[in-house]
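The structure under discussion appears below in the form of structure tokens.
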Amino acid sequence: MGKLKTSLLSLSAVIFGAHLAQAETLTIATVNNDDMIVMQKLSGEWEKSSGNKLNWVVLEENVLRQRVTTDIATKGGQFDIVTIGALETPIWGKSGWLTQLDDLGDDYDYADLFPSVRSGLSADGKLFAVPFYAESSFTMYNTELFEKAGLTMPEEPTWSQIAGFAEKLTDKSKEQYGICLRGKPGWGENMALITLMANVWGGTWFDMKWQPQLMSEPWKKAVNFYVDTMNKYGPPGATANGFNENQALFAAGHCGIWVDATSAAGRLYNKDTSKVVDKVGYAKGPGEVTSVGNGWFWAWALAIPVTTTKAEAAKSFVKWATSKDYVTLVAKTNGVVTSPPGTRKSTYTEAYLKDAPFAAMTQKAIESADPSKPTRDPVPYTGISYVIIPEYQGIGTTTGQAIAGALAGQTSVDEALQSAQDNAVEAMTQAGYIQ
Amino acid sequence: MATRSRDMRTGPLLAPAVGLLLFWMIVPLALTLWFSFQRYNLQNPLVTGFAGITNYKLLLSNARLWVSILNTLVLVGSVLVITVISGVFFAVIFDQDFWGRNVARLLVTAPFFIMPTVSALIWKNLLMHPVNGFFSYVSRWLGLPVVDWFVQVPMFSIIMIVSWQWVPFATLILVTAMQSLDREQLEAARMDGAKGFSMFWNITLPHLQRSISVVVMIECIFLLSVFAEILVTTSGGPGLATTNLSYFIYMRALLQWDVGGASAAGVIAIVLANIVAAFLIRTFAKNLERE
Amino acid sequence: MTMRRSRTSLIAGIIGWVSAIAMFFPIFWMVVTSFKSEIDAVVPSILFKPTLQGYVEVNSRADYVSFALNSVVESIGSTLLALAIGLPAAYACAFYPGKRTKDLLLWMLSTKMMPAVGVLVPIYLLFRDAGLLDTRLGIVFLFTLSNLPIVIWMLYSFFKDVPTPILEAGRMDGARFWTQMRYILIPISMPGIASTALLSIILCWNEAFWSLNLTASRAGPLSAFIASFSSPEGLFWAKLSAASTLAVAPILVMGWVTQRQLVRGLTFGAVK
């Protein structure tokens, strides 16, 4: 009924060219994942208490990123609040495209935010986006399958150990696969994981002179290991599997081991969509030659473009949506396990730690993920599973495509890495990093 | 009379259309050309300045560009062949009188009205999904191996989806064309003992020739810039298997945010489109002449 | 003879219906899936308990009516504008051809070959400066420009079919351009104009690149509506199917109802 009424109103607005008087109408762009949909549903509370109105633009991740970047970089001014990630925030903050968010008031309790999250969303010590949820990565495994095979997962596994377990857990005739890893190309999909693998084999994206290192021994070893392991013990059609697809596979009990985001744990704990609710074990992200850079840092955060004319109302909303009260509200309406994870220390109450067996491990992983020291060897960049420079999205995605091509068997690993290296050199030359 | 015709001033009638199209053509083209000589990255305000021909040099030495041009031609060519053959086939079938012909024709032409994004989403998820898709269900039921469409035969899958959307267009036009076929001529040929196929080859096909040219020309315009289907299903992969020129430019413009490089690629795309257009005009324009 | 006829028509009937079912199956399957629950949607079976859950969920998250209204306003608006600009141009090309008319027509068509992705940034900047971002007017303007070449082409091929003596007669009586248009040309070529308009509406309705990239919350048509239901986390096939069904239903129904008119005009002058 309410819907009908609004549409009738908008219809009459069309006919009479009238604009309905509102306190303030904000346009917010966000991504269509579960947590954001919960936020959209609960935002009525904020609209009621503040008297403002929100217009939602809900898009799939890639489309959102393309849409928001085009608008912000050209100063189009279409959005009052945008949802952006941990990769863009420091870059855009430095470019002066985002409103500083250090002044939301004492009751916002900045000290309660995890320091790593806060620094990840800052540039030059200033906060440019407030975290909605944050995640690191770790190893998840199916305890039932491990018990049956008589295996024990160590607290801090290495990739070689993991491959050993995967071999014993694989039984393709029963649609049981030792290991599920991301294969879908994209800087935020397969490359997030593969960069971590290169890190622990001792590799880096660039040396101190910004020369791409994709043809270095650590990268070759890591990518060969990845392709080999996935071909032997992975599920079919792996190049189409991203986070969502692997989650579905693991939740249905098809995977022995899955190395991915800590935020997956909460979703595996949902009885409606998961068959492995009480069968999931957690360990740290795998290491190999080193353990530096074995877990990523990622956050979805809310930011306010400088082009908005409604900064005050926008600040009031981002403050509400990332506050302690919001976390409590979600816990109350949808259950404590679904609280947006990884942003605030106060979220990790005893009740939450008790109900959510993954919470302690998540907290540890997020606290230890340090984007300013991503690799064993010194590098000129920050960011663990990606490189915080504007050119990275393109370089990462192109590399991801090449590696997916190698995984699908179209090229050899060396050919794939060579073509990715050529592309990276070209992009870095064009951007002026390499003289 | 003739002098009066020339008196008629066509300027004011043509002006709005030509003016707008000139604007539409020239302004973006000029901007694209301008950007193609600039160092311009949308995400990095520090990258600025005149680039000379660097963007072009980097682009033309990039093997990915040539692969994507080849993929574009393969895609356009295959879809054209499939749609024209199926279109002619359906035109002949629906020219026969059978029970429920009009309803069947409505069903065949339905895909033309579906948004490309929607059709790609439906094919990718509901039909071609390797685990839960309808096709995999059917192959398991028949005891055949399950095909992982977008990994094993990526280009074929894209061609299939795009053809599904454009076969109805060809069918619509060719069915219309069949209606003006001279029945008496057919009847006479039959009396002379002509068999089905030779009648088709010697009478029907020549009659359809001009309409086929129209189908090829109009489809070419749309097929050269196929994009949504690839973005939704394969993202140009695996590797470069389904990266066409539109998708290549998309990668430059909206993933690398390299407006300079994307503009240079855009200029190359325009050149390619014009080569194809010139080819089409030489081959088909004669068919389009009246009389 | 009759024996042979009925046998051919039987074979044609079988082939015709098999192809019809095959071509329509994806759409049928989408509609069926839209009435499933998310759990049933991932199992390819037609035995399930129908539910409106998908539609309810879609409607609670996005205001379908306002997106649909935008689609209607934008596709009809731009079609009318394109006809208003295209009719005089096609008239001039058809009845007062010059040496360059053919080139002009082909040039118009070639403007359509420009790849949209390549010019997004320039167009975005232009729209920003003109204040057209996220406005219906902006989208109408853009749709008009991108369909104008096809519109002019179709109208041109129709006008070529109009017997010249009729117009000559009108002209002898001293009828001016508008009078000729109104009383002679438009009535005669009404089928052609109708099918041109229909094709233009279909193309506008299904356009997905500009309508997604130049709109935010106010002017987005149904192709932007779809973008919020593609590939989110978890199970989404029923919601996706419901949203897709809602997005394509109006244009599909329109296409079917008007198919007779559409078909009559789709000849592009290729049929005598």
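Chains here go by letter, A, B and C, matching the order in which they are written, and residues are numbered from 1 within each.
One rule holds for everything that comes next: contacts are C-beta pairs under 8 Å (C-beta built on N, C-alpha and C of every residue); 3 or more make two chains touch, one makes a residue touch a chain.
Note that the coordinates shown come from a computational prediction; the quantities given were computed from them, not determined experimentally.
Among the remaining chains, those touching chain A and also chain C are B.
Among the inter-chain contacts, the highest number of C-beta pairs connects B-C.
Seen from the Cα centre of chain B, the chain whose own Cα centre is farthest off is A. Averaging C-alpha coordinates per chain places the centre of chain A 38 Å away from that of chain C.
Here the CA centre of chain A is 36 Å from the CA centre of chain B. Averaging C-alpha coordinates per chain places the centre of chain B 15 Å away from that of chain C. Across the assembly, chain B contributes residues 42, 254 that each touch 2 or more other chains.
Each of residues 120-121, 125, 227, 230 in chain C touches at least two other chains. Multi-chain contact residues of chain A, defined as those touching 2 or more other chains: 66, 70, 74.
Of all residues in chain A, those touching chain B in their complex are 66, 69-70, 73-74, 91, 95, 184-186, 236-237, 239-240, 389-391, 393-395, 397-398, 401-402, 404-408, 410-411, 416, 419, 422-423, 426-427, 429-432. Across the interface of their complex, chain C is touched by residues 3-4, 6-7, 10-11, 14, 27, 29, 32-34, 37, 40-41, 55-60, 63, 66-67, 70-71, 74-79, 243-244, 247-248, 267, 273 of chain A. Interface residues of chain C, counted against chain A in their complex, comprise 59-63, 65-66, 69, 73, 120-121, 124-125, 128, 133-134, 212-213, 216-218, 220, 227-235. Residues of chain B touching chain C in their complex: 1, 4-6, 8, 10, 12-14, 16-18, 20-21, 24-25, 27-29, 31-32, 35, 42, 90, 93-94, 96-101, 103-119, 121-123, 125-127, 132-134, 137, 164, 167-168, 172-173, 175-177, 179-180, 210-211, 213-214, 217-218, 221, 224-225, 227-228, 232, 245-246, 249-250, 253-254, 259, 262-263, 265-266, 269-270, 273-274, 276-277, 281, 285, 288, 290. In the complex of the two chains, the chain B residues touching chain A come out as 39, 41-45, 47, 54-55, 58, 62-64, 130-131, 146, 148, 150-151, 235-241, 243, 251-252, 254-258, 260-261.
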